[in-house]
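First chain written, first letter: the chains are A, B and C, and each begins at residue 1.
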């Protein structure tokens, strides 16, 4: 008697698991679903959009392009707008996951700087619009360092590293870390030459004993606490850290660094493609765009927004680097089969 | 109805929600990484053969094994007296003390790791204390830091099963042994410890086994400088150069290895029971 | 001899107390730090920026935190309840019944402990997206995110409960159960009236472990939620707080509030317990 009760309980639990979802998937009012980096839009901007369009915005987050791709490639749907970085746009276009944009519905596209239109991964902006961008370089605490770093040598030459042993960090990211080593050795960050990669591997292995950590998440915190003196990292993080401590500086090495851009794109599986276009257009309005930049301290691709951006941000060369430095920056591209070379180098560096 | 029927609900659940997903992982492990980071389906054991490269089983594998063993031992040494002390109290105090063992874990995993960051950082006060004692020990970014984090995170997984077996223990037996002239040490080794062995084994399984595949603690407290098997697996699924098939093969190899060891253990257990 | 014994006994006794005390201190050391840092003025969780209540002020004005907390508690409670039932039943069957294929089943039910969490998360992600959801949608139904999350949490918790319960069951005196059988009780009655009450401490311990596992889980939760639901448990909420690389002190404040809430709950439970005692007396 009681046994049947337990059984029906378990059966009921299993059934309800499947059944109850039916109603949850039907929305009563208009919503727009974003899959985006955490904390990447001023909440105020969401409120303004919700007021103007009577649409509520539901946000979900990812912390790397790979997490984003994991979900999309597994067949998860339900998002309307995603914010992938450059090389990921290229992959997602090839996989046919992105909807074609109708630029006539995004008149504010004209605000985008010509420099950021038609980038290599989407030459005619058919699928994506660059939104915020940044660079990869070296951040440091000016008070704790003798001479400000100007070259990747400060991260790779044992003689120079000796001074800051266990106070240095590298990004825990194979393309960025190997890319920096390649750049220092005079190669492209996208090199697929086995010799170049072997050299980069040796450089990274020689560097490892001097490192405090490989870190892509907390290096700015540790720079602020004084536990790190030099860190390989992304410009935006150092700009934010600087608000906390003005002695934190950022420089792009003379050999050149990496440039990246995050993009707005609409998923093919979206049921609200029209609304998604309107949201993208809304984000590209000069004042709205400036609000986001003032919140995040990341540079924007939006020329028309500049007058509304705080002067200390626009004039900060660490955030908006001068043209002669911009010329030396390189995009990290998707390398297809050749990525196996990077995988092998990174496995060896991390496993030794 | 017999107790045998009780097997089915749990087993069916695990077959559906665990065996099927693991089956998918198995299929993935037989494929290859496609150029765009997705999977090229296939049927080959290449990924398993790749695991034979010394690169994978030397550093990461031995580190995982060593750290798992050390974590288990330290958890046992720290946890046993706690479980023992709790088990001896009256019912009301018992539950309160048990609750205070688990309370720290009602916070959040990441937040606790960050608290350890603050405690263990090179400019922090523990490092300062050690330095003033003449010990210049790297805590963060070293196996020591990882070990501290692992022991911390897995302590309840040792204490609770120990408590569960010690609780039913009749401590008046110990008192009787005392009256008969046994020392506490003797009564512990001869009476209490043997009877709590199922708890020790359960605790050891719940600590040792998951630590083998642990990745967040070693990644954060080890600063990516302590190679461990779990970290390698995580990188294959979430890293910048994803390789699901290789990651899947690593995970399955780990599962096969551990279940072989466990199966052997159960075999022994069964035999010893027949003998007993 | 007698003096030596008493001396040794005392030493061992005080060592025991010392070790217990040290372990509790070890357990609460980071908790003290996180409470302290929840009052930091800095926007970075690892940086002490002077005393401030900002983190709490910002938290209390955020409506999302309440729903995240509620979601976490609902998920953890239901997952724990089901996992405890299933895990205890498994333990009883494996320990007390004669079962064919015992060896293979034994090894199989331990596997969820072995598998690295990220691998289980990816397996469940594909299982839900490619197998279960399409299957269920053919009959016009769906699986809501909270249910998928609960299912995932049950799956990784069952084995933990089973291991703890089995440990107690293994050496549990069978004579009581046998006596009840001799007196004409059905096997099922024996389980309910004799075995389960004896197992209570192990069931509670297993449930507590399942509860913390569920409360802390990030990866399975993250990958089991579908697109666009916006369903967030506490770890997902904290994930959203972090942004690219910064850790705001709200995380510490959230954790501190969790502690306070748990303490208040246990205090309430104790109060109720005491009142019912005194009423009986």
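Just so we're on the same page, a residue touches a chain if its C-beta (ideal position, glycine included) is under 8 Å from a C-beta of that chain, and two chains touch if they have at least 3 such contacts.
For clarity, every value in this text was computed on a predicted model and none was experimentally measured.
Farthest from chain C, judged by the mean position of CA atoms in each chain, is A. Taking A-C and A-B together, the pair of chains sharing more C-beta contacts is A-C.
One finds 15 Å separating the Cα centroids of chain B and chain C. Chain geometry summary: the mean Cα position of chain A and that of chain B are 34 Å apart. In chain C, 45-46, 85-86, 89, 122, 126, 130, 151, 188, 247 are the positions where the chain touches two or more neighbouring chains simultaneously. Touching of two or more other chains is recorded for residues 3, 6, 10, 70, 218, 221-222, 225 of chain A. Taken residue by residue, chain B touches two or more other chains at 1, 5, 9, 13, 117, 121, 237-238, whereas all remaining positions touch fewer. Note for the complex: chain C touches chain A at residues 42-47, 49, 82, 85-86, 89, 122, 125-126, 129-130, 132, 136, 140-145, 147-148, 150-151, 188, 192, 223, 225-230, 236, 239-247.
Interface of chain B with chain A (complex): residues 1, 5, 9, 13, 33, 35-38, 55-56, 58-60, 117, 121-124, 138, 140-141, 219-220, 223-225, 227, 231-232, 235, 237-243.
Note for the complex: chain C touches chain B at residues 5, 8-9, 12-13, 15-17, 19-20, 22-24, 26-31, 33-34, 37, 45-46, 85-87, 89-90, 92-94, 96-99, 103, 105-120, 122-124, 126-127, 130-131, 151-152, 154-155, 158, 160, 162-168, 170-172, 186-188, 191, 198, 201-202, 204-206, 208-209, 212, 215-216, 218, 234-235, 238, 247, 251-252, 254-256, 258-259, 262-263, 266, 270, 273. Interface of chain A with chain B (complex): residues 3, 6-7, 10, 14, 64-67, 69-70, 73, 91, 94-95, 166-167, 169, 172-176, 208, 211-215, 218, 221-222, 225-227, 334, 336-337, 339-340, 342-343, 346-348, 350-352.
Residue ranges of chain A in contact with chain C, taken from their complex: 2-3, 6, 9-10, 13, 16-25, 31, 33, 35, 37-40, 58-61, 63, 70-71, 74-80, 216-222, 224-225, 233-234, 236-237, 240-241, 243-244.
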